[in-house]
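Both of the next two complexes hold chain A, though its partner changes from chain B to chain C.
Then we have the complex of A and B:
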């Protein structure tokens, strides 16, 4: 399973070369379609698109520094139940990790899917991408991004800056952009048996991913440092209930962060049920108790509940912050909390399909330091 | 929609009223929204107390009731029934606890009163969200399964059979009788164990209502109270029970020998064997792991000898399925293996015996035909009996095994009786616990027979010049003791069976900290378990002597008969419910359910509760992020309202809309002292 092939880049540049590679995959008779970010309208955000006609891959831009949404939830829709056909999905590492979590929760299946993971240089949030794009040609801007990021001078989204997983895990095929010389070729690795048989079928020349490990290592080191600074900062800002309330004070209960969250998987959120449909006299009662009541209510409660439910599965993709209309740094808060909860269970979401979500299993001897006084 | 809530605050004599100002709490409750009547009374659980609630439900048209008194564990049912008598659904009543949770645990009366107000407010807020719930009646299958046929299982099976119900009695050994069949005499009356147990064993084999399944093990139990489906593995006996006459000819000629488990390793048995001539059933069993015919297809002599052609080497294990209404577990205990206590030299020195080995030495059909002799065949001149080996010992079992003091006294007597009165007998004890009927008298009798009692647990047993020496301290005299003896008997602890955890899992019962099966309540529910329809009998629940095991077993039998006689069982409605429209099918709850009460419906891709198996524990509801899984009677709205009430979130404010136009509702708060309860 160590096949490394090369996607040769000719005069037209890396994007057409990648499109050609994807076209090759799609022409393989075992694949019915490919989900990949596509510039459908020339301008605007490239959206995850399920392409079945190889010709329509001409708008595909898997390298685009845009991340309008985490496509794990979309892939969940494509794999829940029987689709009948095998598809490939080109995804960022955090999207694959979120999808692995969804599969554990029976919200998707790995059976008929080929995961094509991209080394991730990070992406802009939606507003910043539009500014970055301006009125220019998207493919050119994508290439400009790569040139700039090679020099380290791009202001990607805070989540990406603090992401210590730039290399995809649990993919079948990995496109090794990190450290690649985009003027010559992109190395592509098969990382599973089915990825290998698919890749071998393309008849690409072999190569090695020279420089990739070093490039990834450097990225991880830098991003981990950024992450730890972020943890420090967020902890300091949210250490008490009143600080936390202030941190979240701009929340308007739009629940966009929940909708954007790839691992928030409920069909109906408890916050949409009658549990939170309070009676008028209850509001009055609460107001009278303290003399005032912030309406919208239950905002801190909402975020705490989401942490209780999802912090174990949080992959840190940052879509919550991307979706917030009032620029609350939700990602920072979630990642900071998730780091602690995940560490307590030695759990890394998306690391392995074989690791059950911690809250779904009983262990007899757990947290002895917490429960030993009960014996 | 406005509720009409009645609140009843109980004084519980001085139990609550000694700390809590009950009149104040009642008055406070009267001002909470939707409360139309609020009273305090000396004993709410008394007939007049209950009548007061019933009268108010009718008079004021109450649609919700809150009783603030003791723990719901004690009187929730009482007040639910009172409401039901008044025509109110019992689940529209909330019982809150201001005794165990408040008056008994709070020192300051003002604090206690304030706390009681919070607790009552929480209950009032909660009860508004209560909905009507209805119990379900399910049929109880008439047959009963008893697992284990030692003296407890035998007693339970006979009791149940006598009531006319069919009993399937499963025993893993080839014959019944358990440990009691190994004993010689029984304390304190010195009856011969066989003389009193064989009539019972024979009664089992002759009882038409008992289906005896020896050499069998329960593999799987599914279902729920009243409707258990039990799969029993019938191990191959290689001897056809229906043809065998029990003549024993086969036992003579078998050339293959093995250590006898029944004789506690003191003798040998053949590959085809039975535990004793009185074994029930008396059909021998072939040990398939050593029989030459079965392992190597050689020999086969027993088949040629057998006059009835009962030997069948081709017999295979098979499984039988039984449908029963309830199960009595009588799986017994293991005697602890004292080998790990290396200081006592068991297994190292020839004449160090366990208590069970000593029982076999005494037994007329044991390895020595009842003679108490050393390994060399000579009579012992002195014997040391060491109590509490592995019991009352932090390193092994903290509990007392409850039988050792008494059987040690029995040994004292038997040694004096059988070996001779000049034999010296020393007991190393911690405390003598002779608490049963006739036990203290027996202790006195043995003391008078010239037995020595030394208080202290020996530190070690060594061998010097071919003799055993018990080294210890006489803690009453405060001096060290070095006592040379010929024989040492270790009174080993009674401990849970080796496979207890697996058996607990199969039957869905819990284990206590000591490892034995856990009863429902240590005092008031010693034979029932947390799993409805699974009862305990004998030492599987904890160490017991024979009289206790037999009474316990009769108790278990009575519970099983009660279920079977009634024919139906009411299933509590406070189970979980999974909203099919909200369930997203992640299946996490399926794995979390300790009672296997959640199934996954593949077609609809949702989880579904089996209400008959659900205990309403809330594991599923605790996890389910969308709240699709919720416990009826513990719904999120109910809990949240309760929390609101506890935090005093709702002040004495009521919406002006709901204020009556004319006279304000008078809150009848009863403060006069009623007559004392009889």
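Then we have the complex of A and C:
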């Protein structure tokens, strides 16, 4: 039975208690730093921050309901090649799942990293978080969010409402806030041997994560139902090519959704090359053939291509929608497509480091029905 | 579908097998319909899904990918990779009303000129039945 330890919460509340826990980790000589969301400026969004001085953890807020980016990409930066030091990263489940996908593509490494996964109550999108924050004190607002979400009444981002993975998989240490009594203590679990030795070193009292499984189960049930409704709605809105075009009609080819996507893995995306810088006479030719040509061109094409390239790895984090300047529900579309592509290759992104990305491998004897034999 | 509809078919064929077969079909003067545009690739393993998607959005009513038989790929396993990619498109495109019959994968060896001609003729007939791609009449690509 793996260790479950107790992060005791005293009068100052759960955030300082968690900061104290992280400080304890950072004081362990085997860890050189911790990446964790930090309120650096009081206002604005808490950003993933690489902290090496335990004192500087006073702004850390791993519970903040803000999600300005999927930090898997940042962790990929921090683990590609050697830094010589081991670090920890405090991440949401979808960030860890995206990171697992990047590691499989050799764009990151698990070697010198301790993944501290948080049970995830979800987050607002950027606009909604700033509205929620207003002019108030960020830590207080974080606590307000937790009270509200315990009562079930928070308008988190659509991706989070439909996320059926609120518990982190493939972490070394799990902070089990789901179902926890935030006025008393937060259970913290070691879920790998290295997590175990780190956690034991902190000398925290043992406890059990009572109520956590039930809380997670209820969340999963509710979110799965929301997800399935979302699939249905999206399918109904995009069943033909013209419906899809309408769905994407405000797309301006800014590619923010791709930049924000943690699993769009190419160093150089084909859409950033000059392949699609067509000549004026080409546009005129196409327009004449059909009578009119919507500009910019290649929007539907861009999205269909991205689906083919990365839908198998989509972790449903919603950062694509969060990044879209024209409020296109990108996440809904990609998750709906991904549900089918992932199922057809029996692939769950982030599930296991041992499962190769489907397009990187093949079997000789498979998908025979895909090949036509004419004569 | 209307009598006048003549499908445009784009074929991505590998240099070593199907292209050679196409050549053979031509030099043997086999009767072939004029609806086909051939794109010679070094291997079907080079056919990125976006080529197929782009074709279908840009005027093709059907796309054929054809290469060496399993075990015969000159780059060892490009055709197996192509099979996974076509499988993937089979899952994606129908979600947007693009019939999966519009993307066809076959293996046609270098000596199979007859098979090539038959494959292409059948495919053209199938697509003629199916009708034009929706994208043909859309202002959006």
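In the analysis below, the second predicted complex is superposed on the first by the 366 of 375 C-alpha atoms of A that agree within 3 Å, B and C clash if a C-alpha of one lies under 4 Å from a C-alpha of the other, contacts with A are read in each partner's own complex, and residues count from 1 in each chain.
FYI, a contact is a pair of C-beta atoms (placed from the backbone, for glycine too) under 8 Å apart; a residue touches a chain by one contact, two chains touch by 3 or more.
Only a predicted model underlies this, so the values are computations on that prediction, with no experimental measurement involved.
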item	value
Overlay on chain A: chain C relative to chain B, clash or fit	clash
Contacts of A:270 with chain B and chain C, given as first, second, both or neither	both
Partner with the higher number of touched chain A residues, chain C or chain B	C
Partner chain(s) touched by A:337 [first = chain B, second = chain C, both, neither]	second
First (chain B), second (chain C), both or neither touched by A:292	second
A:242 touches, of chain B and chain C: first, second, both or neither?	second
Which superposed partner A:311 touches (first chain B, second chain C, both, neither)	second
Chain B versus chain C as contact partner of A:367, first or second or both or neither	second
First (chain B), second (chain C), both or neither touched by A:358	second
A:300 touches, of chain B and chain C: first, second, both or neither?	second
Overlapping segment of chain C (options 44-52, 62-70 or 98-106) - the one that collides with chain B in the superposed model	44-52
Touching both chain B and chain C, residues of chain A	270, 286, 289, 309, 359, 362
Contacting residues of chain C [partner chain A, same complex]	49-50, 53-54, 57, 59, 70, 77, 80-81, 83-93, 95-98, 104-107, 114-115, 118-119, 122-123, 134-141
Of all residues in chain A, those that touch chain C in their complex	235, 238-245, 249, 270, 286, 289-294, 297-301, 304-305, 307-309, 311-312, 336-337, 340-341, 344-345, 358-359, 362-364, 366-367, 370-375
Residues of chain B that touch chain A when the two form their complex	33, 581-588, 591-592, 605, 623, 625-628, 636-637, 640, 644, 648-651, 653-655
Complex contact set, residues of chain A against chain B	81, 105-107, 265-270, 273-275, 280-282, 284-286, 288-289, 309-310, 356-357, 359-362
